[in-house]
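Both of the next two complexes hold chain A, though its partner changes from chain B to chain C.
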Partner chain A sequence: MPMTEPWIIVGKGPAGLLAASLLLEQGHRVVVVAKGQGSLPLWSGALDFYSWDTKQHPVKAPYDHADHLSGLSLNREQWQAGWEDWRRILQKVGVQTQVSPDHENLLSPTLSGVLVPRYLVPEWQYAVTDPEPVTVVSWDGILDLDLHLWAERYQQHTKMAAKTIQRPGPQGWTARWTPLHWAGYLDSESGRRWLADDLEAALDDTFDQCPVLVPQIIGIRHTEEILSDLRVRLGRPVKEIPLIAPCLGGVRIAERWKEYLLGHGVRFVADEVVGVDGFGVQLATGGALSGRVVLATGGVLGGGFRLQWDRTVINTATGQSIAWSGKPEDLSCIGVSDANSLWGVVGRSAGGWDGDRHGGAGHVLGTVLAWVNAMHEEVYCAAR
Partner chain B sequence: MRMKWGKWLMVVVIGAGATGLGVAWDLMLRGVPVAVLDQGDLGHGTSGRFHGLLHSGARYVLTDAVAARQCQTENLRLRQVAAPYIESTGGLFAASPDVSENLVQNWLRGCHDAKIPVAPASPVQGMNAQWKRIYEVNDGVINGYQLLQALARGIRQGGGQILTHRRVVGARPMKGKIHTIVMEGPDGLEEMRADAVVNAAGPWAGHVASLWSDPLPLTLSRGIMLLFSHRQTPKVINRLDVPGDGDILVPHHHISIWGTTDTETDSPKAPTPSHAEVAHLMERGLAMFPDMGEWRVLRSFSGVRPLYRAPGNLARETRHISRDFVVLDHPLKGAFSVIGGKWTTYRLMAEQVADRVAAYLHYATPCQTGAVPLPLANAVGVGADPLLCECESVSKSQLRAFEGLSLSDLRTRTWFGMGPCQGTFCGHRVMQWRSHQIGEEAASKELAAFREERERGMCAALWGDNAVEWLLQRNIRFQSLGESQRADD
Partner chain C sequence: MLHDDACLKCSLCITACPVVRVDPLFAGPKAYGPEWWRAHEARDAFDTDPHVDDCTFCQLCEAACPADVPVAHLIAQHKDHHRKKRPQLKRFRDFILSHPHWIGRLPFSPRKVSAVVAKMAQMSSHADFPVADRTKFHSGRPYGENIPTVGLFVDCFNRSYGGEVVAAAERVISRLGYQAVLMPSQPHCCGAAAYASGLVDEAQRIAQDSAHALRETPVETLLTLNATCDGTLRDEWPKYFSLSLPGTRVLPWTDWVLETATADFWSQFEETNEAVWVHTTCRGKVAQGEGAMEEFVKLANGQPLPLGIACCGAAGSYAFKVEHEDAAIQLGIKAKEAVHRQGHQAEAMIVDSGTCALHLAQYTGLFTMHPALWLGRRLMQAQSLDKKAEVSNLCE
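On to the complex of A and B.
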């Protein structure tokens, strides 16, 4: 294959961006075509691997579950190397992550106070190996985080204390502010000043050194700076609890990742793919792009497959229809499992994994690795 | 057991649907003390699970002249006494090319005989262009839950009682007359003194009548409906034909309801629609609206019609049982049952029941429900209060007005969780609010029940954006919120 022929990645969710980054690192030209945002802005960007066992109990050591790991025919070393690659790419993009030193799950609280096992977690988000007492501060109008309920659940789960402090919003604040309004304000000079003063005042009468948790509203561009300034000023770590969509953690990752790829010559095309063959893709607006194709179209959730009322399921990119059992619980696993040699399929659109239960990111990584392996195999065979 | 309720003369009405509340409102206006009992909340039965059509009567002129005339008069009356809860949309009847001209002429004649005004109308955007014969009638839309709440308000303001979440499980006579009603409520069994009892239990009326050992000639029929986002047409659209499946589209605020079906069923509990039923409705719909497959579906739901099968009516199909109603009295003195009818005719039904009960108790006051307007809702300020449910604009202060109710009752009172996201975002918020009153554990249980109910309806119509929404909901529940997954394992 001549190095000049570009790769066309369809979809800019985590699977598309990861595939694009790996190809870029290998020196390929890459074009990303997507009709929509992808799932990142809908979630915190904490990457789950294998979080719950078959009895839905939290899993501490994901690698112990050989049954599950064998699902994508990757061994432990391949998995670990893959996670390290992803971690490295995120670092280049400008997102630092935490991972447990012994490759186990970290525990990170959701906004309802439940601790969920997560594998790789952005630095700004609170995650630990062992629960500890915490102080949680929130401001009026952040509807999704109810401190009272949060603390009750947290204490129930961890047997650790949770001190809660509810504060009024800043001047100019209205009850209709969304997390995006908050983030915009806190990214500004005056917002940063207000936040530091307000937190200092809030913590005035608490002398404990336990971490301070705040809802995930601490800016989009300057988050790390703001958090490290706060750490210095307050003398203890300040970390975020993610909210629900729009979820700033994912928004930060998506924006920085795209910027990074653009900066390295990756082209982004906003369009819908309506046809795929061995030579490229057809676009809804009439044009066509030629190159080798990878579909990262996100399954039913991402828009890669569309269900009709008569239960036919259409692959929106290829136009082909595929089978569905008719059972709702199988819907999140719908995808193209037999990889077509003419184009690759990665992420949720590769199907076969219940991303609702076992961590979407683990699936994204596993399918991307499987595709990379297959591609190398192919190049290797061709070379022979 | 305690005799907790009622020491003076009292009429107990079983059922807080349109009929039961209508009866209680009527009796109350006549000065008769009343109490209404329901096993669930207001509208727990069919009155909360219907199509929403205020019939002009035109649907029934070909098959059911009595029901047609009843609808015609009640339609006009409800527009006067319940105006805030009726939307005057108008309705169209459109005949497909397969319908004979003869049938259309018969229908026109039937409307004329039933005094239903009809005018030719122009084609509707989006409708199959071959459906050229179109007529306008004065159909309307009933805001069911709000009208029920208005009735309840009126009853309470007049001193009547409404006790929800109490299931009647026994009726005790004394000297051949009804004397005591036994009910099971949140605090266990309770008794209530009754001088007369009205069985307005809708599809459960057979069960209730068996409490005093007098079975009823009741037949149950289930109907499936599909809910679409957006007001797909400004007016009600009916298929001009003998009544059949999938032939009415009702615009409701910013959504539309397409239905329905009519098949005999055993259980009074509303069943989950099957895929075959939904597909059948879609096929019927596509004939009328060729792009219905592209409409944004929200969910599918069902209701159960209580039909009175007159002695000698051996009709095999439930569709051929009249939508007329009957009032019956029982060998047990002071016990009355009302079965059949329509939402549209609830007032008329109530009047006839109340006439009988009032006569039995020697009250001479005549019916007043045809003239006395229903009370208005208390205005709840929305203002700067944050919205918990963005789809339906429900704020915290609106919930506060119903403090004490469960998540599912709050849903039908305030309409939260009824929009396109089907509670994805607001379910969690309202549960948090609720946990301040009843604690974390109980509130989580209510949330699980709320989720299950919403999911059932969504899964019965799982296609297009609704399928995407459902998957998003699961990701938010299990991945973002960490809600327990065990329930669905």
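On to the complex of A and C.
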């Protein structure tokens, strides 16, 4: 049925979902085409960018990155407003986040007990402006979290005490459980009951005014409900420490975000894009979709770029080759951003930023904002 | 296969797997797919894991993989290797259930299997079973020379239990100015049921017979009423069974209606804003994506409510097997929770598979149906309203 031309977003990683949400808010029709899941489930769920300066010191005020922002033609106000937009979208999706009152970085723990600067942190994850004593509880079989090491490093870094409690797993636990198994169990009625009883039995009066930290396994669908029930029952906040990828934080965000978009009329097409032009995309299964195109296809891991046997790199969606120095360390920064092209490029595929080192979220946001601005400019020019 | 050995160990497949979240003994797609396969290829392990069979074969793992590893298809091989170690009775039962086109011909179709029979046949006494639907649909011969034709694939489930669905699908097709050729002329199965249970060779045989039967009536467009058959015919036949339907484009009936219907067609539906739940089955998500049925409801002036679950737990004959009872119940409960969590008032749900509709009705208590039935009914309503208007115009 003929209707207004939709926007076609290729990729459903964070960049694709963010671009889709912004277009939707502006009243556009949106179709997302993707062949794979995208990298959100690999994310801890915290959105960060430039947490460290060039000397590897933690950054306090994260919006001061004039060098990177000017590359994207963004000023500080646009940058700040962009983060607020993202935060608002997450809220609509059903994910509440914490930010520091002065818009500085919060401190949030890693798996090894270090507090690192993070800008936006989901409610379920522990984040503070000033370190405090904590109690950490974990269960046998959660191998990624070594409580002893965690406490040692936490105390070293923060000069604050950390009490640790190791507990046996529930009945039915097997050594093959991944965090997804734990989360599925804790989402169930029996799992919830076990968790509350077990935590109550584990805790004593030590630091009873301070938070209890647990590994990030507290459900997928019922996380907030479970954590707030625990707070009531135990009389102190219970928050999560993210584990290694795949991370439940990102899984929760990805699932809710997709549902939100679906509920608002966005269509998700499962297919690979094998050709792009000014009119739309060609699909691997033979069909085509017409509309204005944005590539949010990610890097090598996301499937947007393919490293060939002859050490050249190609863009899987367009078939074009991508410039690469040949050095492995440069692979994570390559991209195809091109202001003159007939389609937009956002996220990891826009290149120029090592998201693994400097925070993928900042890069996702920066490139999406730059593209939105370019689009507005185009509309403005056309109107004149 | 090119990508059999491409696993990067990123674990994205595990995050997509619905069974991992409800089955404490199920190790997950990475372990049962690429990891098992590598060990098996290296000959350091001929071991299979009995719980590989808890996999519903939803294929969501495979759809999530960034490295194009055929995760679910490696799991099908694992199941096949394991099958030979299973007890005779279960093997026999699986063989029968792998031929749904035989079962559909049985003269009886009870809603529940009694406890005694269930035990004997290793079936679930908890699951609801489909009841035969004797609604007559058009025989399959085109009625006019000058009317454009589309093929309508009458899958084994709809042939025996979904007469009303087929009739409604046909009615909409003819309203859009086309005639439907119902095919194949005899009951056949696409092979999905056998493949999902790890009967790989049997699946190939069943699919081959079906392809042969479909080729008897060449059509340019073949519409499907079930997402699993859709993905199997279009994507899996060429990839895993070396079968094809030359010159035929296979697509879901719903997508074809979206493509074909004009604004005029949609304008006949009254602005009722009737809310309706939408569940795109797991195999539908993998084969086509999501959101088409929502668009469909919206165009017919309804209000779509995406259910937001991955796999309902029906998975063809999965929920009928006694050893899958727990997982199927847990997944069904998740569907019920999704309805409660969102708290919308709606009595109906549309879903692109008959067995899933049955399972979802059992757990949510909603009136579940194929989108063709939903639209067919709205069409009849619209037409009777038209008639009423005509009559009242005449009276005036």
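By our rule, the second predicted complex is superposed on the first by the 372 of 384 C-alpha atoms of A that agree within 3 Å, B and C clash if a C-alpha of one lies under 4 Å from a C-alpha of the other, contacts with A are read in each partner's own complex, and residues count from 1 in each chain.
Operating definition for what follows: contacts are C-beta pairs under 8 Å (C-beta built on N, C-alpha and C of every residue); 3 or more make two chains touch, one makes a residue touch a chain.
All figures in this text were calculated on a predicted structure; none of them were measured in a lab.
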Taking the superposition on A as described, I'd like to know which of chain B and chain C A:245 touches: first, second, both or neither. both
In the superposed arrangement, which partner chain does A:154 touch: chain B (first), chain C (second), both, or neither? neither
Partner chain in contact with A:126 - chain B first, chain C second, else both or neither: neither
Is A:172 contacted by the first partner chain B, the second partner chain C, both or neither? second
Looking at A:86, would you say it contacts chain B, chain C, both, or neither? Reply first, second, both or neither. neither
So in the superposed three-chain picture, is A:303 touching just chain B, just chain C, both, or none of them (first/second/both/neither)? both
Just chain B (first), just chain C (second), both, or neither: which does A:262 touch? second
Name the contact category of A:42: first (chain B only), second (chain C only), both, or neither. both
Check chain A for residues that touch chain B in one structure and chain C in the other, and list them. 42, 174, 176, 245, 301, 303
Listed in rising order, chain A residues that touch chain B in their complex are 39, 42-44, 48, 52, 56, 110-112, 114-116, 141, 143-144, 146, 148-149, 152-153, 156, 174-176, 242, 244-245, 247, 299-301, 303, 306-311, 326, 328-329, 331-332, 355-357, 359-360
Looking at the complex, which residues from chain C come into contact with chain A? 8, 10-12, 14-17, 20-22, 24-25, 27-28, 31, 63-67, 234-235, 258-259, 261-263, 266, 285-292, 294-295, 298-299, 304-306, 308, 330, 334, 337, 341
In the complex, chain A touches chain C at residues 1-2, 33, 36-37, 41-42, 172-174, 176-178, 180-181, 183-185, 187-188, 220-221, 245-246, 251, 255, 258-259, 262-263, 265-271, 285, 301-303
Which residues of chain B touch chain A in the complex? 275, 278-279, 282, 293, 297, 384-388, 425, 428-429, 432-433, 435-436, 440, 443, 459, 461-464, 467-468, 470-472, 474-476, 478-486, 488-489
